[in-house]
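Step one of this worksheet: look at the structure below.
For clarity, chains are labelled A, B, C and D in written order, and residue numbers in each chain start from 1.
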Amino acid sequence: MAGSSIGECFRVSTFGESHGAGIGCIVDGCPPGLTLDATDIQGELDRRRPGQSRHTTQRREADQVEILSGVFEGLTTGTPIGLLIRNTDQRSKDYDKIKELFRPGHADYTYLQKYGIRDYRGGGRSSARETATRVAAGAIARKYLRERLGVNIQAWMAQMGDIRADDFDAAEIARNDFFCPDALAAARMAEFLDTLRKEGDSIGARVDARVTGMPVGLGEPVFDRLEADIAKALMGINAVKAVAVGDGFAVVQQRGSQHGDSLAPQGFLSNHAGGVLGGISSGQDLILSVAIKPTSSIRIPRWSIDVHGRPVEVVTTGRHDPCVGIRAVPIVEAMLALVLMDHWMRQRAQNADAQAPLTPIPA
Amino acid sequence: MAGSSIGECFRVSTFGESHGAGIGCIVDGCPPGLTLDATDIQGELDRRRPGQSRHTTQRREADQVEILSGVFEGLTTGTPIGLLIRNTDQRSKDYDKIKELFRPGHADYTYLQKYGIRDYRGGGRSSARETATRVAAGAIARKYLRERLGVNIQAWMAQMGDIRADDFDAAEIARNDFFCPDALAAARMAEFLDTLRKEGDSIGARVDARVTGMPVGLGEPVFDRLEADIAKALMGINAVKAVAVGDGFAVVQQRGSQHGDSLAPQGFLSNHAGGVLGGISSGQDLILSVAIKPTSSIRIPRWSIDVHGRPVEVVTTGRHDPCVGIRAVPIVEAMLALVLMDHWMRQRAQNADAQAPLTPIPA
Amino acid sequence: MAGSSIGECFRVSTFGESHGAGIGCIVDGCPPGLTLDATDIQGELDRRRPGQSRHTTQRREADQVEILSGVFEGLTTGTPIGLLIRNTDQRSKDYDKIKELFRPGHADYTYLQKYGIRDYRGGGRSSARETATRVAAGAIARKYLRERLGVNIQAWMAQMGDIRADDFDAAEIARNDFFCPDALAAARMAEFLDTLRKEGDSIGARVDARVTGMPVGLGEPVFDRLEADIAKALMGINAVKAVAVGDGFAVVQQRGSQHGDSLAPQGFLSNHAGGVLGGISSGQDLILSVAIKPTSSIRIPRWSIDVHGRPVEVVTTGRHDPCVGIRAVPIVEAMLALVLMDHWMRQRAQNADAQAPLTPIPA
Amino acid sequence: MAGSSIGECFRVSTFGESHGAGIGCIVDGCPPGLTLDATDIQGELDRRRPGQSRHTTQRREADQVEILSGVFEGLTTGTPIGLLIRNTDQRSKDYDKIKELFRPGHADYTYLQKYGIRDYRGGGRSSARETATRVAAGAIARKYLRERLGVNIQAWMAQMGDIRADDFDAAEIARNDFFCPDALAAARMAEFLDTLRKEGDSIGARVDARVTGMPVGLGEPVFDRLEADIAKALMGINAVKAVAVGDGFAVVQQRGSQHGDSLAPQGFLSNHAGGVLGGISSGQDLILSVAIKPTSSIRIPRWSIDVHGRPVEVVTTGRHDPCVGIRAVPIVEAMLALVLMDHWMRQRAQNADAQAPLTPIPA
C-alpha cells in the first residue's frame, strides 16, 4: 500500500533518504543460479553516480554497494538479495535554511501535508538519491535478461532543451557526459550547460530508449499490459512528466492505414506500435520516450511560502544537476529492466506449458 | 499476476470477451454507506455505449448492467459489488474469416503467441468491449469522489487528426457526438469522419482531462506516485500510446525558472506540474493528456500473414469506430476515478491520524 | 485490501450474499489450454450443495453454475474465467425477525460494527452460501492439478462430536452422507444427528485431508510457506477454529529423535512433518486437519442483545446444518486445490530454469 | 510472489541468511509521527536473542539493530524504515560437514530441490536467525498498537513436552528463562532441559497468546479474515505445526448450545470464539495457541542421504536450542503485532467514515 515496492515476481522494495544513514533495497524473487557479485552492480551505479563530470551535481558519493544476502559462492540462491549503499557526503547543515520553507517545484509542500512531518534534508525521500537503489536492483535484472534471454536495453539523451540528437551512433553514448548518441549535439549540450550553470538555471530533456531481443508474449492484459507497467515505472522516475510508446503523440495525426504495422513471412514491415500489440510484446523492439522536467533547484530567486503560510523568497544554493535528464538515462534503463524481468517471470507462471503455434516473427 | 485487476483498496477485477456470454467485474473494497443503484452506473455506460451516433461502431449493445451483490436497500454494504453486462449483439459468424489470420495492428498475433490459443471472435478479450466494465466500476468511484469529496473529473476530445479544439466550453462537451468542448471543431470532426468512413480509414486522437477539487496528499512514492498510477491506468486503455501530466513533452524545452510553480499565500501561481509534486497531489487541478492511435480495423486492404505464416491480404469489414478516441473519453474518466478513489483510501490507511500543518493552499 | 481475493498467480475473487441476486467469482490466471466445461464444475458443486440428505440444511438451491468467459471451444484461453450461480431459494421474509438482533456466535454484531450497515438476510456475505464460489473455482484448479500433475486431494469427516472414523476406506467416503471413510462411524453419525436435530442443537467436527502426488518445491519462505498459505486458506473457511499440519498439536509432547523424518535412498521413512520442510513441499503426502465449530444457528433459546443494546432471547428457526463440518469437506478440498495451484505457478515463475540436483525422493 | 514480505498496509519485507553479512528488513507504510529509536526495537530483540540462558543456543549474536531510514528527529516520517542487524558469530567452518547431506527434519532437501542451490551454512535462509528481523519489525507495530490503541499482546510457554503451565501469573513470564507464567512449571522445565541436553535430544512446546484491548472490526472477509491472516502469520514461524483460535480442536466435541458466546448489555458472557466472529474481531480478547515441533538439530545419530542419494548417518553438533519453543514466544508476539497493525490500517482504509451503530460491547 505504501508505495516503495515494484514488481510482483521480481519484487524490489527500497528504503532510504538523501541524508540518512544509507539507502538500499531488497530484491525478492530473483531466479537462483545467476552469477552475481558487487562489481556487476557497481558498474551500473557508477554510470548514475553524481560528480562524474562538471555537468552533474558535485555531491561526492562513493555509491559503494554491499550485497548483504541472497548470493552464495558467486551465485544467486533464490532468496532475497539485500543491497546497502551508505550515504557518505551529507552536509546536513546546508539544509537548515530550507527547513521551514517550500521550494517551488519540489515535494516539500506535498510531503509535509501528506505525512504531517518531513525529513527536509536534501529532499529526504523525494531526493533523486533514492534512484541509486533502483539502478542497483535493475543491474541484476538486466544481467539476467542479457545473459539468459539476449535482451538488450539502451537509453540515451535524445534532446536537451532545443538541442536534438540528430545522429545515432550507439558507441558514442558511452563516450560523452550526456549519454548522447550524437557527438556534435553532445558538444553543443556541454556548451549550453556551461551557460546555464552561470545563469543559475536548469533545462528539461527527452530520453529515448530501445530494447532489442524482446521475447514475444510479455504483458498481462487488461490492466497490466506491458506498456502500462512500463508507463508506471517510467512516470515513477523523479521529474518525468510524459511517457510515449512507439509513435507516441504523433499517432493523434495518423490514419489507420498508415499506423498499423503490416506483417509478412519475414517479419513486421514497420514498428509504429513500438513493440506491443494489445498490451503484449510482439517480439519487435520496444521503443520508448520520456520527458524530464528541468530541476526546480536553481539559483534564480523564486517566490514561495513558508510552513506558516507567509511569503518568502527562495534561492537554492546546494549542489544540483542543471539537467537531471542526464542521470535519468541509466535510471530509465534500470526501470525497464525491472519491468521486463518481472513480466518475463509472470508470463512463465501462467503460460510455461502453453504452445505458441508459430515460430516468433523476426524482429 | 494475471493482470485483470486494478487498485489495492478499491480493487476492480474484470472478466469477459467481446462475443462470450457477458462481461462484468467485481468491485472489492467500496466503502459502505454509499447510495447506489443500477441507474447510477447505467448513465455512465450509456455515454460509452456503441451506436450512439453515426460516428461510432453500429454494433447494438444494450449494455444493461445488473448489480448482483454488495448493495442492500440502496446502500453499498462494504462487501464486493458484482456487476454483470450480458452480451447481446454478437454476430459471431462475421469473424470466421479472421479465425486464421493476424490483423495488422491488432492483438491477434500476440494473444495467440502468448497463450497458444485465442478467442478470435471480435478480438476476444482484447476488444474495446471490455472497457464497459471499467466504466461501470468507475461510475461507483466517481460517485463517491463527487459526493463525499467534491472531486470532479472531466475528459474531452482535444484533437482529432489535425482538428484541434481551440475553444473550451465545458457545457458543449455533452452536446456533440465527440465530447468536444469546441462546437466549431466538433462540426469539422463530423465532416471529417464522414469522409474517412467513405475512405474506409481511421484516425488518431488526443483526449485531455482535468480533475478539480483534488485533495492534497494522494500518491505513494516512490513507485506508486499518483502520476505513475495514472500513467499505468491510462496507458492500459486500448489504443493509448502516450500519457502526459501537466506540461508533458513541452518540459523538454523549458527552463527551471519557467517550469517550477511558485507558491503564494493565496495559492499556487501557475500549474506546469499538472497537480502533482514528488508523486503526491498538491491540491491543484490534475491536468492530463493521452494519445490514442487510429483503430487498425479499416476497410483498406493490408498485408499480413496467417497462423501458418503465409502472406494474406486483410480487409476488416465488421462494425468499427473510425475514431476510437471518441469513446475513449468516458473510459479516461473512469480510469481516473478508479485511481483517485484507490489512492484516497490508501492515503487514509497510513495517514488518517497524521496532522497536516497547514490549511491546504487553494487550488 | 478488502479480502475477497485469494492467490497471486491463480487468483480467485468472489462476490455475493446469501439472499442477493447471485454469487460468483473470477478466476484470473488459469493456464490456457485446459479442457473445461460447466459440468466439470457442477460435479464439485453438487457435492457441497445443501439439501443432499436429511442431515444438511433443507434450503433448496440448484447451484447451477454458468461460465461467462475465459473458455472458448471447450478450452481455457488464459483470460479471466467468470462464473455465476444465481440464488433461487431465498425466502427473505424468514429473516425479518433477526433484522435488529445479534445471533450469538454469528457475524451479525461484527459486520454491523465494522461496516455500519449489514445485509441481515441469511447472514448476508458471512453465510456459508458464499463457499459455493470457492468450490467452483477450486474445481478448475483441481482439474489442472489432477490432469497435468497427478495431484490428488482428498478430505473426509474424521470425527463428529465423540464419534471417530477409526477405519479408513477411501471408497466409502463417497458412499455415505458424511464423507466418512468408516461405514460404521457413518451409521453412528446418522443416528446421532437425528437425535441432535430433535434437540435443536448442533455439533462440531474434525475434517482431515491428504494430498498425494505432491511435487517437490512448492512454498515460498519465509512468509508464504506452503503450510502458512494452507493455514490461511483453511482458517478462512467459515467455522474453522484450528488447523494442523502433520502431527499437529501432538508435536508438543514429541522429542526430536522421534519427530524428524529420516531419509533413505528409497524415500522418507516416516511423515511426521506432513509433507513440508522449511515451508516447502518435500514430495511426501500433505497431511492436514481442521476443527470446525458447531453452527450457532440452533433452535435452543439463547441470550443476546439487539442493535439498541437491549437484552433479547434468540431462537434460530431457519433451515440450517446441524453439523456444518459435513459440507465443509468439499470446501477443504477446494481451498487446498486453490493454494496448491497458486504455489505451483509461483514456483515456476521463479524457478522454471532451476536445476534440482536429485530425482525427487519417492513419497 | 517470492514470499519474503508480509502485510499490505504495514508491509514488512525481510532478507538475510544465518551466515551471510547480515539480516534486515524494510517496514513500508508505518504511520508517520510515532516516536521511535533503536532502543525500542532492541528491547524486543534482546528477548529473542540466543545465549540468554543455558537453555538456548550458545551462539553469541549481539543482534544490534541499526535504523537506516524512515526516522527523523526521533519520529517516523511515513517513509520506509530500513533495519539492519549484522551477523557477527558465524563460524561457517562448522558447517562444512553438512554441505553435502540432508539433515532429517530440516529444509536442506527441499531448498536444494526447489532452487537447485542452497546456502548450507547454518541452514541459510531457513535458519531461525531470520526471525530476528520479524521481532524488530514487530516491535514497531507493537509500539503503535500499545501507545495509540491500547492493544496489548502477550504470549507464553504453555506446555513443554508433558510439563504444563497450570498456574497463570503474568508477572512471572518475564522472570524465568522460558516465558512461563507458572514458576513451578518453569523450574521443572529447567530440570527437564538439563536432562535432554545431556541426552542430545530436543522437545516440542505449546505457546499460547492473548491480546487485550482489541478494537472491534478488524479482519477482511471472506479470505483475509483476521484469524486466517493470524493463522498464516503463526504457521509461518519456523517449526510451528498447528494453530488454534479460541477453543481450537476442542470445538470438535462441542455442541452449539455450549459453544456460541451469548451477549448481554454488559458484554459477551464467554469467549469460546477467541475474539473473532465471521472473520472480524469482536472486541473480546484474542485467544490463540500454536504447537512447535522439537528441533531436528540433535546429537543423537539419524539416518539420511547425501546429495548423491547415498545413505549417511547424521549427527548435528552445532549450537542449537533443545526447545525452540522458548525463543518462539517473542516471535509469536511479533507476528501478532504485524497482523493486527496491518488489519487496523486496512480497516480504516475502507471504513474510516463508516458509522458503527453501537458503542462497542465491553470485552
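Definition applied: contacts are C-beta pairs under 8 Å (C-beta built on N, C-alpha and C of every residue); 3 or more make two chains touch, one makes a residue touch a chain.
The shown structure was predicted, so the numbers you read here are calculated from the model rather than taken from an experiment.
J.: Return the chains shared as contacts by subunit C and subunit D, ordered by label.
T.: Intersection of subunit C and subunit D contact lists gives A, B.
J.: Per the definition at the top, count C-beta pairs in contact and tell me whether A-C or A-B has more.
T.: A-B
J.: If you average the CA atoms of subunit B and of subunit C, how far apart do the two points sit, in angstrom?
T.: Roughly 38 Å separates the two chain centres.
J.: When the centre of a chain is set as the mean of its C-alpha atoms, what distance in Å lies between subunit A and subunit C?
T.: Once rounded, the distance between the two centres reads 45 Å.
J.: Quick one: report the Å distance separating subunit A from subunit B, using the average Cα coordinate of each chain.
T.: Spacing between the chain centres: roughly 26 Å.
J.: Would you please write down the residue numbers of subunit B that are in contact with two or more other chains?
T.: If we look for residues of subunit B contacting two or more partner chains, we find 1-5, 8-9, 14, 29, 32-33, 78-79, 114-117, 125, 221, 345-346, 349-351, 354-355.
J.: Residues of subunit D touching subunit A in their complex?
T.: Those in contact with subunit A are residues 1-5, 8-9, 11, 13-17, 20-26, 28-29, 32-33, 66-70, 72, 75, 77-82, 84, 114-119, 124-125, 345, 349.
J.: Under the definition above, what is the set of subunit D residues touching subunit B in their complex?
T.: Going by the criterion above, the answer is residues 1, 8-9, 29-33, 78-79, 148, 221, 345-346, 348-355.
J.: Could you pull out which subunit D residues touch subunit C in their complex?
T.: Of all residues in subunit D, those touching subunit C are 1-6, 8-9, 14, 102, 104-107, 109-117, 125-126, 130, 159-162, 196, 201-206, 216-217, 219-225, 227-236, 238, 241-265, 269, 272-274, 276-283, 291-298, 300, 302-305, 307, 309-311, 346-347, 349-351, 354-361.
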